[in-house]
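Structure provided below as structure tokens; questions to follow.
A, B and C are the chain letters, set down in written order, and residue numbers restart from 1 in every chain.
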């Protein structure tokens, strides 16, 4: 098989796995948002004990590796009777992990709405709904949207971790190809890179555009970023 | 907990301690080299000529859109196929240097832009060369400005080093997998390792935050003024 | 007017050489002619005070002199050495040579102080000697301490700029310029950013320097300083030197209409 032929062959082989990668990311995003919402509410309202726990959870996720979380969910939890499919373990781990980061975004978004402003809207006689729609959401979304968009890219990139528990996403499919044909290692690696560059570069530009768009001129308040 | 449990747990210590050593040492090394690369990128991004800026911009954009794990395999596997066989640890540090160097390049560049442009002129009228102005005036201020962001990347780097276990660098996670595959006590071992990561991570964060406060001198708030006295200051 | 020999400067053959000489210096920003063929000579030890309305090109004049802004035309000589000559048919020295000369001979103090915020007062003053002149640290420190004492800030030497008042910062900036032992120091409205009660302490330092024979080009709106300390007053408008001479003469009996108008405005608002 010559170079181009091999390339196309590998691409053909990896295509379904690329779709899996996208699907895993798509499913994990709402999962992460759910986690983020659950964690953020007590963090904002300062409920004793529970908000402390929520803070610890976020700190915990921020200081421990994603890979270890996945190992824990997939290899350790079965020993206490929780047994899940690799792909479920992956989605669960991604949701729990990225959710903690998103919670930081949501918290920043919440704090981007000054209390005084809410009171001002009250004084103007705005109804709860109008107040939410006209005052709170616009300010909060400015901060939240770029951060959340960024976390979507983050999830997509993190899906490659699932290869270690043999989920046939894009990165693991290159291993499978090699085991089957003992060839194409460089080609498959290039294709993986292309996949992420083609999606990630434009998406990253979009996020940075959102950030610039949503920075209120002169306010010095910038949209929340997660790393 | 009985005698046997204790015996077993103690049996983990040499392995986990060895792994912990790698995990703790890898982070500052990789972060130091990533910071150096980031500084070089930032200087390049600030170059007056487009022919220097544009390729660096592209490189950064591409590098940061590729997952860390893929970077690691580029260095470990692709380079080897092309004839450059690197020891796993070197490949891993190289990969993390590139990824984090790309991120830090942009961060540091933002810090450079935040330095008052008049600072360049101050250096110039003192007769400083371009390089001296970078080294003595611009970079010290830019790096101080980005320190809080840098610290977050430090912790990200700490987490990312766990990927190197996948290419046989004997770090904490690698040792944990080894132990678990011997005695099948995954829950116990991974719990211990999670706690270890958490403790070391929290401690690193606390240490960094302390230095951060000490280094932040440019805009002292009044109550901090006393903290900001220079170490050389007289004790009178 | 006979030239006064400044105290401390020994008379010698070199004294005939002007500290600074500009011949036909022009600068435009786009279509805006900011310096229009300026000729100027500053004697060693002279205190030249430059006044003029905002936008008249005073800052640009200083910045061209010290090399922060490139000229479009003309020649500049510093202490007898040419740093740039863009007149047709004249050779101009290399940028490197020009920079070396300026580095040795000129210093500048800005309106906005521009101290290094991450270094203490003492470190700010030591920075040039140590990292440009490569002077030994101990000696640089001793010099810097002496200079800070001279500007009345010995006690504050370990403070950071943000911990100092504007007047104190500006005095550190002057000490920083002095540490390089420049032949000529350029002052660009160094008191304009200061509260009125703080300008006095800075002007006092400058007056003392003048008494020591330091050559200075001072752009300022402080007419009192111009009158009392200046050896010569120069009025600029629209990139040209309109009038110059003994400060008292120019201030009390200006020859030109534009000078008169400007002075009446300035003196009324003060």
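We adopt the following convention: a contact is a pair of C-beta atoms (placed from the backbone, for glycine too) under 8 Å apart; a residue touches a chain by one contact, two chains touch by 3 or more.
This is a predicted model, so every value here is computed, not measured.
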Next on the checklist: Using the touch definition from the top, what's the fewest steps needed to get from chain A to chain C?
Outcome noted: 2
Item to check | Most centrally placed chain, judged by C-alpha centres | outcome: B
Item to check | Maximum centroid distance from chain C, chain identifier (CA atoms) | outcome: A
Checklist entry - If you tally the C-beta contacts for A-B and for B-C, which one comes out higher? => result A-B
Checklist outcome for this item: In whole angstrom, the CA-centroid distance of chain A from chain C equals 57
Next on the checklist: Distance between chain A and chain B based on Cα centroids, please, to the nearest Å.
Outcome noted: 21
Checklist outcome for this item: Taking each chain's centre as the mean of its CA atoms, chain B sits from chain C at a distance in Å of 45
Next on the checklist: Residue numbers of chain A touching chain B in their complex, please.
Outcome noted: 59-60, 62-68, 71-72, 75-80, 153, 157-158, 160-161, 163-164, 171, 185-186, 189, 192-193, 196-197, 199-201, 203-205, 227
Checklist entry - Okay, in this complex, where on chain B does chain A touch? => result 61-62, 64-70, 73-74, 77-78, 81-82, 103, 152-153, 155-156, 158-163, 165-166, 173, 176-177, 180, 185-187, 189-191, 193-194, 197-198, 200-202, 204-205
Checklist outcome for this item: Touching chain C in the complex, chain B uses residues 116, 118-119, 121-122, 124-128, 132, 136-137, 140-141, 144, 217-220, 225, 228-230, 232-234
Checklist entry - Where on chain C does chain B make contact in their complex? => result 66-68, 99, 102-104, 106-108, 110, 112, 114-118, 120, 122, 127-128, 131-132, 158-160, 162-163, 176-177, 180
